[in-house]
Amino acid sequence: MASIYGKNIVVSVFGQSHAPAIGVTVDGLPAGQQIDMQALARFMARRAPGQNAWSTARREADAPKFLCGLSEGKTCGAPLTAVIENTNVRSRDYSQLRELPRPGHADYTAQVKYGGFQDVAGGGHFSGRLTAPICIAGGICMQLLAQKGIHVGAHAAQVAGVDDRPFDPVGVSRADFEAVWSQAFPVLDPQKGAQMCERIEQARMAGDSVGGVIECAVIGLPAGIGDPMFDGMENRIAQAVFGVPAVKGIEFGNGFGAAALLGSQNNDAFATDGVHVFTKTNRHGGILGGITSGMPVLFRAAIKPTPSIAQPQDTVSLPKMENASLNITGRHDPCIVARAVPVIEAAAAIAVLDAMLEKSSW
Amino acid sequence: MASIYGKNIVVSVFGQSHAPAIGVTVDGLPAGQQIDMQALARFMARRAPGQNAWSTARREADAPKFLCGLSEGKTCGAPLTAVIENTNVRSRDYSQLRELPRPGHADYTAQVKYGGFQDVAGGGHFSGRLTAPICIAGGICMQLLAQKGIHVGAHAAQVAGVDDRPFDPVGVSRADFEAVWSQAFPVLDPQKGAQMCERIEQARMAGDSVGGVIECAVIGLPAGIGDPMFDGMENRIAQAVFGVPAVKGIEFGNGFGAAALLGSQNNDAFATDGVHVFTKTNRHGGILGGITSGMPVLFRAAIKPTPSIAQPQDTVSLPKMENASLNITGRHDPCIVARAVPVIEAAAAIAVLDAMLEKSSW
Amino acid sequence: MASIYGKNIVVSVFGQSHAPAIGVTVDGLPAGQQIDMQALARFMARRAPGQNAWSTARREADAPKFLCGLSEGKTCGAPLTAVIENTNVRSRDYSQLRELPRPGHADYTAQVKYGGFQDVAGGGHFSGRLTAPICIAGGICMQLLAQKGIHVGAHAAQVAGVDDRPFDPVGVSRADFEAVWSQAFPVLDPQKGAQMCERIEQARMAGDSVGGVIECAVIGLPAGIGDPMFDGMENRIAQAVFGVPAVKGIEFGNGFGAAALLGSQNNDAFATDGVHVFTKTNRHGGILGGITSGMPVLFRAAIKPTPSIAQPQDTVSLPKMENASLNITGRHDPCIVARAVPVIEAAAAIAVLDAMLEKSSW
Amino acid sequence: MASIYGKNIVVSVFGQSHAPAIGVTVDGLPAGQQIDMQALARFMARRAPGQNAWSTARREADAPKFLCGLSEGKTCGAPLTAVIENTNVRSRDYSQLRELPRPGHADYTAQVKYGGFQDVAGGGHFSGRLTAPICIAGGICMQLLAQKGIHVGAHAAQVAGVDDRPFDPVGVSRADFEAVWSQAFPVLDPQKGAQMCERIEQARMAGDSVGGVIECAVIGLPAGIGDPMFDGMENRIAQAVFGVPAVKGIEFGNGFGAAALLGSQNNDAFATDGVHVFTKTNRHGGILGGITSGMPVLFRAAIKPTPSIAQPQDTVSLPKMENASLNITGRHDPCIVARAVPVIEAAAAIAVLDAMLEKSSW
């Protein structure tokens, strides 16, 4: 059991980079929900490769084909399955992966786990391409959430050491999300975006790659969502977000920064306008005791630099059990942060919808 | 579904701070395993309150009573349940919590979720006291893991801005864990520990509190454990670790630090001595593609400062829906990091044993 | 993972017959629900041993002690745990069970599964005594269901070849359930009950035992509950009911009888009074496509005769791997059907509440 | 969550009768398993429609297309997804189903559950056509089980009141399964099969339908598989088998027959040949306490008569809330028992493989 997430909805991702298709099944979606296919396509486009200089040259339509789960364009209560057929496949690039595992990739660990039977072509099931089905599922979840006034947005908060302006933890709004979408590079501050692109280009020229941090916000969530202990919103979101390849850390609200503060600096005082309860600050990231507070849910995910780089690297010849050198050829993003932004949104949306579908009263 | 974790073992935590008892059931433990009750007591003692100046004055035996799951001191295949009876309960301290939610606590979010029916005494099910059952379960898991040469250890890597020496990511050993246990404060470098205690004492004197970071290592894990995507080791450990109250972030290996590196700096080259495959560095924290690499699994968890502080804080009177001021009295740790160290170990051990119990071959 | 049931509530049963205690945790109960302890005690009493001639002589208070999950007598949202302490334990009766497995019991299969480490005293975790915690959980579920006008009732439909009058599949009502409770033996027709008791007594005198069939009805359930395929109401109820020891079959509505009918005889025509849709007959047992139709849910469970009989039986000496003879001594019910009636109700109630807690709309 | 089964493997069925495709994902299959596509096709063919007089005229290739999960013809550890494209769709037949629910079908219950948004064409997700993906998954499971000497076989034990010879509960063998496959109608006794076909034809001529009982055996299973209480083999198999449309009952071993026996008649004495432990009789159906005994697992499933009949039936016009009459046209099996035989085998195989994949030792 690996590529399955959720309790009230169950998202099941399948496919390998060079298999006939990749796809996703979502079981448990409420019936009667109109899917806006145009909006879904626009969302998917934000993840799509081949858009510009900093993205892999592999170009695909990546248009999902819906096999079932819809009736007259609306969810019908049955499991929804959508697939993306794999075209433009260059299998010849990947012949040596079973022998010479790439540093930073899952080649070696999969080799051990699956006894050498894993599909190595294009990274197989571990390929970043599998984030496309996550976006299909997440994009649909976002449409359902939007009906309740809940919106999910993210931006490249840091790339190659350049920091974007952060979301306002209290006042982050849908306008901020739209501002990010309007940029060529998904940031709030276009000047920072330009600097990031510059550094990405430098890395690419050097046959290297860069990482970054994605900040994500969920706004409009009511208070009282999530459960204590192992099913808190942090647990749920973390389980979904670590499903995105290259994520190596997650923090909510002040996160690691809170560790260095005093309690008096980190606590968020409650306040009221007579009608609502809110906090004046939002260092808790909208979650207390695993349960939403009604403030924006805020988290940051660390994205490691793309492990595929054009420089020679040390590795091991597994058949010979000898040290060896590896040159990775083919097309690779020098930075996946920008393309990962909608994927992180998708993962968060899946986790949030799943939590929202829990019955709250008897 | 809230306080339940796992697939191959199922750990189910129950209890409220001032209910008759707290406890845990572990279903699915392999039969025939001797539980070393002395060793478990020693492990539990590392979490126990009332040990010293930096810990709450509430003193309890906290000796678990095993209701079932054992036969002649060995696991018998049936669910194992252990409880700790709550004694020394001072319910009068908590009368105002339903009215005036404490900043940084789950009082308000629980009030909304449970419609005011939550048990407020001592924080109820959200109390840090619920980490004792996690330690019972985790302590047992650690004993099973130790049989296979797998050990889990942690230390206070940072408290109040003071950094301890980190584990050697490649060479961390059981000797390091024992070194931590031998300290009054759980650090590798006793001088740093002394500085931490000083700052904790300063915070306490100021009616304030401090947070920190716990670094945890799992050594001896074979390669090939864990699953891709949503059931990777990062996902599994994160789901368990966010079950520990006050955790606001988790990072594996280089974590957020990786975000600022180049791919050539962050990748770990593979190497072999002709028999084993290993990496010369361990920036990946022992996990690639969700699956263990055979290198130490390394993660860091951010612990926020104790939200209960002795200073007056702004809050809201929920019955009156008016702004109000709150003074928290009673006994509270000015820093929970030291006591959380074994809890983080326990959470990690639960996640690792659960993953290890997956059948690997047909 | 064995003794755990449910998705929206999670019922986790623990204990062995002669361990310090048996009990149950129910996670996910809605908060704010008053538990009527008197009503629960009356429900539990219907299962209690030692009531009369046809029941084992082991007498116990079996009063559940609530460790947590309640606050001021109401559910508080936290997991609810209740235990029954084992007293009156006669461990000496069971010394030979590890050597000479009893026919019809789990002694041999547990021996193989747990490598001989299972707790054999009194049947360990396989003891019929473990149905007491099922009744605690189910009794609570029944109280919640009753608030929505949903009631669960059962009777001994057949014992030792004597058939009780069946429930009216369309008109079964709470009055029928109460009629059963008012009887010394849980039947609708007291004359049949007297005959059943006679045959039980004959079997007891002959050192033998008898089985039977329990018919159970759930009334007041709205239409539209349950899911297609693997999560239908039949699947859910079957998974719960086979958790009751000695159950060897289950059928819904006409069940096995439907196999011999024509479609025109088995179909239930729909009809309306202008306001409601109903069926004039109820051969479908209130479930179509896994989903409730609004008609009473009706099922029958086959209970095998108590395997513990006072006659010598052939078995195998496991240490010697030789054929051997076994004489079972001690106290055993010659018929467990009457005591199993409330247990079947409890199992059904757990399954139904779990299904009802699924969110039905967005 | 509806169409998902399993813990160690997760089988997720998707599709509607007239959607672009139906299919199944199996997550968790061990890697490196060769799938014999010819054998799978032969297995699927036993379920295929249009084979003969007693089966629907809808003819389809029903050849599964594997989208992923394989590499060079072997399982690769990644989720395996196979789809069957729906061709030969006659949507015009089904226009009235949303208005006039068919007796014995899920039309009405789905209408209530999904608020009228369900896909009604051809029964949507409730169609018997969805048993094809169950057969894909089950057929693969059977191939894996066969490697360990575990085989699953079934036959039409009763159709329209005609009984086939039962399996020998102790000696049932693979030869019996092959004998069934060699028949035009899946029985052990061809004369009985001929009588069954006659009665089916009579029913068909009368515009009616018949039901039956399927007996299924799992041979070669080692002792010690399955868990107590809610995860016993009876619970697991029942949960899978009730996933097959039209199943209304299941019994193991003597089942409902055991209810009328004495304990001395129903118990199976243990015996040994000095090497193995076995029972001389097999009234327990190979399962004691939820755990396999090493004897054949035997169960019987009740199949209700096809609800689609050619006679006029009473129903309700849902838009008008008036009583109405319904004539079902189109192609329908007058008896689905024969085609359900491999589906029941498939469901059992899925349950058994899932249980076998549980790790048994530490």
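Read from first to last, the chains carry the letters A, B, C and D; within each, the first residue is number 1.
Simple rule for what comes next: a contact is a pair of C-beta atoms (placed from the backbone, for glycine too) under 8 Å apart; a residue touches a chain by one contact, two chains touch by 3 or more.
Just so it is clear, the structure is predicted and the values come from calculations on it, not from any experiment.
Engineer: Using C-alpha centroids, which chain lies at the maximum separation from chain B?
Structural biologist: Farthest from chain B by mean C-alpha position: D.
Engineer: Counting shared numbers against all numbers at the contact of chain B and chain C, is it over half, same, or under half, different?
Structural biologist: same
Engineer: Find the geometric centre of each of chain A and chain B from their Cα atoms only, then give the gap between the two centres in Å, rounded to an integer.
Structural biologist: Result: the chain centres lie 26 Å from each other.
Engineer: How many angstrom between the C-alpha centroids of chain C and chain B?
Structural biologist: It comes to 39 Å between the two C-alpha centres.
Engineer: If you average the CA atoms of chain A and of chain C, how far apart do the two points sit, in angstrom?
Structural biologist: Inter-chain centre distance comes to 46 Å.
Engineer: Identify all positions of chain D at which a residue touches two or more other chains, and write them in rising order.
Structural biologist: Chain D, residues with two or more chain partners: 1-4, 7-8, 13, 32, 78, 110, 113, 115, 125, 228, 361.
Engineer: Name the graph shape formed by the protein chains and their touching pairs; answer line, ring, star, complete or other.
Structural biologist: complete
Engineer: Please output the residues of chain A touching chain C within their complex, sorted ascending.
Structural biologist: My answer: residues 7-8, 30, 33, 78, 144, 147, 228, 357-359, 361-362.
Engineer: Considering only the defined contacts, which chain D positions touch chain C in the complex?
Structural biologist: 1-5, 7, 13, 101, 103-106, 108-110, 112-113, 115, 125-126, 130, 158, 160-161, 203, 208-213, 223-232, 234-235, 238-240, 242-243, 245, 247-256, 258-272, 274-275, 277, 279-280, 284-285, 287-294, 300, 302-309, 311, 313-316, 318, 321-323, 360-361
Engineer: Which residues of chain C touch chain B once you look at their complex with the stated criterion?
Structural biologist: Against chain B, chain C makes touches at 1-4, 7-10, 12-16, 19-23, 25, 27-28, 31-32, 65-71, 74-81, 83, 110, 113-121, 124-125.
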